[in-house]
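Okay, got some structures for you below.
There are two complexes below, and they share subunit A, which is joined by subunit B in the first and by subunit C in the second.
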Partner chain A sequence: MNPGPQTITHLFGKSYLPVTDTLIIGWVSVILIIILAKYLTSDLKLRPEGKQNIAELFITAVYDQIEPMIEGEGWKFLPFIATIFIYIGFSNLIGLVPGVPSPTADLNTTLGLALVVFLVSHFEGMRDKGIWGYIKSFGQPVIFLLPLNVVGELAKPISHSFRLFGNIVGGGIIITLIYQAAPGLIPVPLHAWFDLFIGLIQALIFGMVAIAYIAVAKQ
Partner chain B sequence: MVEFAPEVIDTIIRASALLGAGFAMIAGIGPGIGQGYAAGKAVESVARDPEARGNIITTMLLGQAVAESTGIYSLVIAIVLIFTI
Partner chain C sequence: MVEINSTLLWQVFNFLVLLWLLKRYLYGPIKEILDKREKTIKNEIEEAEQKHEEAMELKKEYKAELKRARDKSSDIIDKAERRARERAKEIISKAKKQAEKIEEDKLAEIEQAKVEARKEIRNEFTDVTLKAAAQMIGKELDREKHEELMAQYIENLDEEKLGDVQ
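What follows is the complex of A and B.
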């Protein structure tokens, strides 16, 4: 049993360009999200009704999470944070389909997302404080703590990505073990717990931690 | 000096890796205590101020996620020990 992503084919026949199943599912989920978003936002009205209400409910909920932590810039960060929420939530939910691995059960996906958050937070910190103020912020509160601060900053994307990866992979391994020990209807409630509850909670936490990292970098 | 056959050495390495995976998961105790403590404090806060329920739950989840990191590290190490050796 190998729980990692399986290599299906190689791009252009090169051995250093493997195409894994999680990569393909990731692209499929991106396309499905685009179709869903196009459908929900087609024919927008001033007085929302039906499917537009769902989209507005979601956008307002995300905005209410960002605004208290990054004051006055909720609309600026809304597209970025909402994309993280939608993509990770959808990726975790797609694991409900039997035989389809979650794209987030691959460290490449989660580390990529965490690195994007890392770059955005440092870019925002640099723009808010200026280059010199940004460099000086590593020497706070005393200059001797500079190496600790640098290591602490570099550990952020690692812990950020491993948290999502470990949760999804751990749930997947437990479900696989239960399927081998007791097939039938017994693993179904476990899907509800590990894929629905843990999946959605982890998407929420990934986005909330991303907001917290950006807010900390801007202070 | 006792000479072991290569198969015996392989078996010893594999057994040690599996034992190490089990020992690594002892780290699961810490996040369990920490998350339980956070949840208990959140229940106390909600009982004192039911109005702030939404904010308290969000803060609790965020704190629990950060407290979970050490447990997840040990889980990843255990998975690596089990499936790569």
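What follows is the complex of A and C.
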């Protein structure tokens, strides 16, 4: 049993360019998400109906999460945060399909996203306070806390990515074990718990933490 | 099981592509329709407020107009009443004048009749006295002279005794 990402092939035959199953599922996820988005927004009306309501509800719900934390810039950060919600949520849920690994069960995915959030939050901090002003803010409230603050900042993407990765991989491992020990109906509620519930909660947490990191950097 | 490789960059690339595509196909259109709806609702509310204001103004105008009309009608009635009163006064005064005139005419007529009657009486009296005198003295007096005498006599009578009869 190897619950980690499996290398399917190598791009251009180079050993340093492996194509893993999680990456392929990631591509499939992107395509499916785009098809779904196109479908949801195919016939937008001033008076929303059916699928348009779902799209609007989702967008405004994400906006309502961002706006109180980053005041006045809800719409600016909405694409970034909503894409995190969508991509991670979809990646977690796709693990419900038997035999399909979640892209988020690969540390490469979660760390990649966490690094993007890391870069965005620092970039926004610097844009708001100026580069020197932002660097100086690490020496607050007293200068000898600078190393602690820097370590804290560096720990952010690690904790951010490992939280998601650990949850999804842990769930996957437990379910695999249960499948081996007691196949049949017993894994079904566990699937619901680990893939549906934990999957959505972790997507929400990842997105909320991203908002919080950006908001903190901008303060 | 945990290995960091080029998949990390691929996933970042996936994420950025997805971000770009969703911006184009999901967030953009949704934001647009939300803004459009907000604008429409705002416009409609503003329009409704404006219409309400207009209606209130019209109501005020109509009220003023109604008041004006009422004032005017009462004015007209007042004027008509005044005119009627004046006309009635005029008619009455005219009638009075007419009555006075009739009275005057009648008085003049009476006066005239009186004068004529007196003249007639005087003539008759002259005749009678003439005849009586002629019979008494047996001769006829000269009429002209006699008339003069009679007139003098009557004149005296008028002044002394018959003053009331006039």
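Methods note: the second predicted complex is superposed on the first by the 219 of 219 C-alpha atoms of A that agree within 3 Å, B and C clash if a C-alpha of one lies under 4 Å from a C-alpha of the other, contacts with A are read in each partner's own complex, and residues count from 1 in each chain.
FYI, a contact is a pair of C-beta atoms (placed from the backbone, for glycine too) under 8 Å apart; a residue touches a chain by one contact, two chains touch by 3 or more.
Bear in mind that the values here come from a model prediction, so they are computed numbers and not experimental data.
S.K.: Taking the superposition on A as described, I'd like to know which of subunit B and subunit C A:L32 touches: first, second, both or neither.
M.R.: neither
S.K.: With both complexes superposed on chain A, which partner does A:N167 reach: first (subunit B), second (subunit C), both or neither?
M.R.: Only subunit B; A:N167 stays clear of subunit C.
S.K.: A:I186 in the overlay: touching subunit B, subunit C, both, or neither? Say first, second, both or neither.
M.R.: neither
S.K.: Contacts for A:L148 in the overlay, against subunit B (first) and subunit C (second): which applies, first, second, both or neither?
M.R.: A:L148: touches no partner chain.
S.K.: Just subunit B (first), just subunit C (second), both, or neither: which does A:V97 touch?
M.R.: neither
S.K.: Which chain, subunit B or subunit C, is in touch with more residues of subunit A?
M.R.: Counted on subunit A, the partner with more touching residues turns out to be C.
S.K.: Return first, second, both or neither, reflecting whether A:L177 touches subunit B, subunit C, both chains, or no partner chain.
M.R.: Neither: A:L177 stays clear of subunit B and subunit C.
S.K.: Thinking of the overlay built on chain A, is A:A82 touched by subunit B (first), by subunit C (second), by both, or by neither?
M.R.: second
S.K.: Applying the touch criterion given at the start, work out whether A:V216 contacts subunit B, subunit C, both or neither, answering first, second, both or neither.
M.R.: neither
S.K.: Where on subunit A do subunit B and subunit C both make contact?
M.R.: On subunit A, the residues that contact subunit B in one structure and subunit C in the other are 2-4.
S.K.: Residue numbers of subunit B touching subunit A in their complex, please.
M.R.: Touching subunit A: residues 58, 61-62, 65-66, 68-69, 72-73, 75-76, 79, 83 of subunit B.
S.K.: Please name which positions on subunit C make contact with subunit A in the complex.
M.R.: It is residues 1-12, 14-19, 21-23, 25-27, 29-34, 36-37, 40 of subunit C that touch subunit A.
S.K.: Give every residue of subunit A touching subunit C within the complex, in rising order.
M.R.: 2-5, 11, 16-18, 20, 22-23, 26-27, 29-30, 33-34, 37-38, 40-41, 44-46, 48, 52, 55-56, 59-60, 75, 78-80, 82-84, 86-87, 103, 106-109, 111-113, 115-116
S.K.: Which positions of subunit A touch subunit B when the two form their complex?
M.R.: On the subunit A side, the touching residues are 1-4, 65, 159, 162-163, 165-167, 169-170, 173, 201, 204-205, 208-209, 212.
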